[in-house]
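Chains: A, B, C and D, in written order; residue numbering restarts at 1 for each.
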Amino acid sequence: AAQDLDIALISKGFQHQFWQAVRMGADQAAEEFGVNVTFEGPDSETQVDRQIDMLAAALARNPDAIGFAALDSQAATPLLRQAQEAGIPVVAFDSGVDSDIPIATAATNNLAAAALAADKMAELIGGSGKVALVVHDQTSRTGVERRDGFVNQIEAEYPDIEIVSIQYGAGDHLQSTEITKSILQANPDLAGIFGANEGSAIGVVNGARELGRDDVAIIGYDSGQAQMTAIREGLMAGAITQNPIGIGYETVRAAVAAINGEAVEEEIDTGFYWYDADNIDDEEIQAVLYE
Amino acid sequence: MSAAISNPSPAAALWATGAQKILAFAGLIFLVIGFSLASPNFMQTSNIISILQAASVNGVLAVAATLVIITGGIDLSVGALMTFCAVICGVLLTYMGLPLPIGVAGAILAGIASGLCSGTFVAKLKVPPFIATLGMMLILRGLSLVISGTRPIYFNDTPGFTEIATGSIVRNFLPFLPIPNGVLILFAVAGITAYILGRTILGRYAYALGSNEEALRLSGVNADRWKIGIYAMAGGICGIAGVLIASRLNSAQPALGMGYELDAIAAVVIGGTSLSGGRGTILGTLIGALIMAVLINGLRILSVAQEWQTVVTGSIIILAVYIDILRRQRAAAA
Amino acid sequence: MSAAISNPSPAAALWATGAQKILAFAGLIFLVIGFSLASPNFMQTSNIISILQAASVNGVLAVAATLVIITGGIDLSVGALMTFCAVICGVLLTYMGLPLPIGVAGAILAGIASGLCSGTFVAKLKVPPFIATLGMMLILRGLSLVISGTRPIYFNDTPGFTEIATGSIVRNFLPFLPIPNGVLILFAVAGITAYILGRTILGRYAYALGSNEEALRLSGVNADRWKIGIYAMAGGICGIAGVLIASRLNSAQPALGMGYELDAIAAVVIGGTSLSGGRGTILGTLIGALIMAVLINGLRILSVAQEWQTVVTGSIIILAVYIDILRRQRAAAA
Amino acid sequence: MTPLVSMRDIDKSFPGVHALKSVQFEVLPGEVHALMGENGAGKSTLMKILSGVYSKDAGVIELDGKSVNVTSPRQAQELGIGIIHQELSLMRDLNAAQNIFIGREPRSAGNFVIDEKRLNADTAKLFAAMHLKLDPKVQVESLTIAKQQMVEIAKALSHKSRVLIMDEPTAALNDAEINELFTIIRQLKAEGVGIVYISHKMDELKRIADRVTVMRDGEYVGTVPAADTPVEKIISMMVGRAISDEPPTIPDLKDAEVLLEVKNLNRGREVQDVSFSVKKGEILGFAGLMGAGRTEVARVIFGADSMQSGEIFVHGKKVSIKQPRDAVRAGIGYLSEDRKQFGLATGMDVAANIVMASVERFISPLGVLKNKEIRDTAREYIKQLTIRTPSERQETRFLSGGNQQKVVVAKWLLRDCDVLIFDEPTRGIDVGAKSEIYKLLNKLAEQGRAIIVISSELPEILRLSHRIAVMCEGRLTGILPGGDTPQEEIMRLATQRASATTTPANGRAA
């Protein structure tokens, strides 16, 4: 019976490892609860309208529940209302939806997570010096929140740290590599760089390695094998990880509960963690990392 | 005149062109039937409307691209220009609080202005259209971010703005068929452009430019001016697309539109317009845009895994065009 | 045969072509001087090497695109094919644990196979190159995700793999000039391709195809077969680009490569190759790729805000091509 | 003697056109067999079937008495059938040598690398044998049509074919080059090569052909010996009626208004200090050898190329012409010598091309086209110029060469200019149509227009011109009276400086 339940997850991205980890968590839950889950997302976090089309197609399928990570909450509101009218429960994930329609939200607090990265950066460079950011996107919510979370924390707490450059590499590893190299070239005395998502972080590591700069403190975001290796090898000081598998899992779990008419927790904080060479092998951390 | 020339009866000729036109839809009909059989959820009013709506922005952009392609050029800036116009609209309505018609007019004028630039680069400075519009694409992409302050601009203060694309005038007359206005706008833009291409001097010169620009010039026509005019018209249509997408998202997203140019051009080419210029129709472009929208929607409805969706889309695009080529060959041989 | 044909002395002619060639670099030199004056950090060995390295992947892709464009076609699949070949390389080396040369050969063969497909679609099925390679782009993009299991594949088990692009043989001889191998590979690929274009039958027929395909056919040449051969060669070069990028990132990233096709084509066109086919040089393409790399690097070094970087890049691309057009007109008039 | 080639009952249809109806044709070894017929008679189509470009719908082709099936150009080449196509089919971006040996490049190093040295040397040899002074490495794009035609001929000769088809090889050549070509043809004849010769120039028949086959409307009319059949007979076989050919009656234009006056026109080497005037009702012929600069003068006057210095007066008023539009506004029309490149939008239909220069006349105030009027006008001109086309909606690229030319003529007739410049107006046009165009030009002059005719065919110049301007190497070397001016006088002015070919001009200029 439950096997016939159809849950459509519309995420913000697809190919990136973070989203694949979310998908993995969703698949785990799907297996556990015996439901069908589909997972889709646009090619980049700027494609708001493509995501709307995906949501519309998912609605046309008439699923039993929808999981949605909004690129832009407002743009999706009419369709979400349509879902509500059709009695399809909506679970928001990743970064929430500004609306009262979702019955639950499984998300990371990106602002707080990036602020933690800023604290760690300050600690690593001794509270003063120049730092730069390589961010994946200039307009998307995750990009903006991680940038602002980091920048605001630095500005508020560490007056001796100067942010000299913020550039955007679309999360493309190669582009982020080139960006990092030019930042280092332009600022030979740079003390640290923050890469705001997986692709950006790996690009930062690559760029520093290609220029032979092992004196720069690098902080990453999310996980993936490359970042984990970089942390173990000492190229990267550490990174913030969310709990993508948990996000995916919780989203599906909440959806199933809602379909079955059970009560669901409204705010499911999936949390974020700092990990570095010291704690990377801890069980608690390993549980939230993905290869 | 030689007796060898066969003169089929007018009725037969009419029938032949009719059949010809229907057959041009073959790929589309084939897809629709296929998906209808595969999933009961496909052939439903609400889904058909979703498809039309998904086709509307790409369709309008494709109409703009068709104009330029017919002159033998190419327009890579359509997506970026759409976004730029949406941002302009947002600035006028939300930041400056001007009334709605001014916002819409401003977006269209911005499109025309940008088209004038591209057209001038191409016609006067002789920069190849690919480069001129690639440059414009980058410039507009940057300017959209600059003007908007890299933030989406919301239209919450302009009531009725979302109605432009998502409201439905049709519903008032046919309650069971709530076709959104955005779709009507697509058909209106397509219809008007088809008329202009087929029946006016601008259209005539567009085809002549693509067919043999030098011959047109040597016929004493100010070819450059007309070419600029066509780019400007294409720009204006992108402005309409900008309003459409802004209205649909109730916001101007300054980073939107990357890669949209290829989708638009794909719709044009699937619709049978030649990239070397001189030939092409708006009807074909419309069909091309619909084929793409149906395909993607259908695969989603069938819950095909996303990585396979891409593979299937690519294959079907090639196949659709190949079938169209075969059909033409048959038609020419018959 | 009229006396109007002037016959300048060979020396003068040589000088004229020499000057001509140098002038083709004008845009590049202009940019380099400009940035050097603007920032002391620009003109440094390490940065020049960074620029060369940044140009290497795009440069190799642009060389592949040049081949196809000279035949009068266009190749939108170069970026996706690069990624696909990188993934194939990863599957062979990491998943199957085969030795390094087999992985590299496999990537190049995968590229050639894909080129054979595109070429067959274009030459045999008469699908327009734009559509055939757009379709291939989507197919390859999807297949890369499918084959890799939507995960990056790391080359940690293949020691020496990263050396392919990031190691430096030159350093052994010139310790102060650690030019990475990736840059050497770019120059090698460009040199060999230039030789093939200029001196072999394949090259001759590439130009002939772009110039007047029908005439080539009427001359009794199996135009289709040669065209397929050229697409295959372009595919093989994309395979090399795939190895290059995989080596540089020490991983095959299955989602990489979007938008790379436009960058590659832009480099080709900035380098003076005509999109209508029949003319173009690899040297020009190299310069085009370098202009783009210098421009972006320089703007970043100057810490120009990213949104303005895009605007400036767009303007300079248009300007560079416009200056090149003026230069040619002068040269033709003189 | 077994014929080298024998074609029987050949049938071919195109969409809407039955181009060949059970046609027969044969060539003997060592024979020059002329194939004649009006524009659109099917000559080119028949030869394209023989050379493997088109496939036949029905019929037999025999080579040396054995039935063969020619399916591709390559196979035709292997069978020893070579062809010079009517429409130039060179690769613009390659040089002359590369064009000539395309597909047969001499190779070195593993059969893949081209031996460019030998390629150029072989080409140079070929050119020398043709007495052609041309650099093998010259880009064909930079050559005039005439020189491109010579390259085509060189290419066909290099094949050493047993059957050589020449589809209007002389359409763009001057007398010296035609003589050179004929020498080559005689040489080939002596070697036993069979030659198919297509031309609209009647005088060439007597000089070179052994037999003549005439076609009309896709049908075989008959084959006659060239020597003892009067030209009139052949013409009447072609058109089904006789055509008269009277010299011009030169009107008295002493008091006529000067419509166009050109003073000290200069543009590089091609146009040096050219001054002349044309009166209302006058036909001024422009004679000269290939590359003399006549086309360039016309293009400069028309604004297609910019002038370096000079003045142009229309109706006595000085006009500034910067682009063709200015010229057309001033009442000047120009019919280009290269219709494909400059005259026609070949992808558009006949009606669109005819009204191309006058669209503004067929629009409502809002810019909407009056399609019915356009159609009627097009039909009128199709009838007037007997343009052979299934309808005014046929794309011009499907028309035969001569009919395409007529479409361009129609375009300028419709535009109704005061001054009309016709550059090689009858290139590739059959005798019937030619005499119609002559009549037309005369009528236009009588209506009070000023006409300039540029032609490389002296008989045409003599037949039409009221005055004859002669050019040589960019200079106007003299203006002669029309009527009975001897050809020698024209040729003397046309060759006042260095000749076009390596051998001295004497005896070849006749």
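The definition used in the following text is that a contact is a pair of C-beta atoms (placed from the backbone, for glycine too) under 8 Å apart; a residue touches a chain by one contact, two chains touch by 3 or more.
Chains and their UniProt names: B, C = Ribose ABC transporter permease; D = Monosaccharide-transporting ATPase.
None of the values given here were measured: they were computed from a predicted structure.
Looking at A-C and B-D side by side, the one with more C-beta contacts is B-D.
Work out the mean CA point of chain A and of chain C, and you get 34 Å between them. For the pair chain C and chain D, the distance between C-alpha centroids works out to 43 Å.
Here the spacing of chain A and chain B, counted between their Cα centres, is 34 Å. Among the residues of chain B, those in touch with two or more other chains are 145, 150, 258-259, 306. Contact with two or more other chains is made by no residue of chain D. Taken residue by residue, chain A touches two or more other chains at 14, 43-44, 138, whereas all remaining positions touch fewer. Interchain contacts give a graph that is no line, ring or star and is not complete, per the touch definition above. Two chains count as a pair here when they touch; such pairs are A-B, A-C, B-C, B-D, C-D.
Of all residues in chain A, those touching chain B in their complex are 14, 36, 38-41, 43-44, 46-49, 52-54, 56-62, 72, 74-75, 77-78, 137-140. By the touch criterion given at the top, residues 15-19, 21, 40, 217-218, 302, 304, 323-325, 327-329, 333-334, 336, 341-348, 352, 356-357, 359-360, 363, 366-369, 371, 386, 388-390, 411, 415 of chain D touch chain B in their complex.
On the chain B side of its complex with chain C, the touching residues are 76, 121, 125-128, 130-132, 134-143, 145-146, 150, 258-259, 262, 265-266, 269-270, 274-276, 306-315, 317-318, 321-322, 325. Every residue of chain B that touches chain D in the complex is listed here, in rising order: 1-7, 199-202, 204-205, 207-208, 210-212, 214-222, 278-279, 332-334. Partner chain A is touched in their complex by these residues of chain C: 39, 41-42, 44, 46-47, 50, 53-54, 57, 145, 150-152, 154, 156, 166, 180, 245, 248-251, 253-256, 258, 296-297, 300-303, 306-307.
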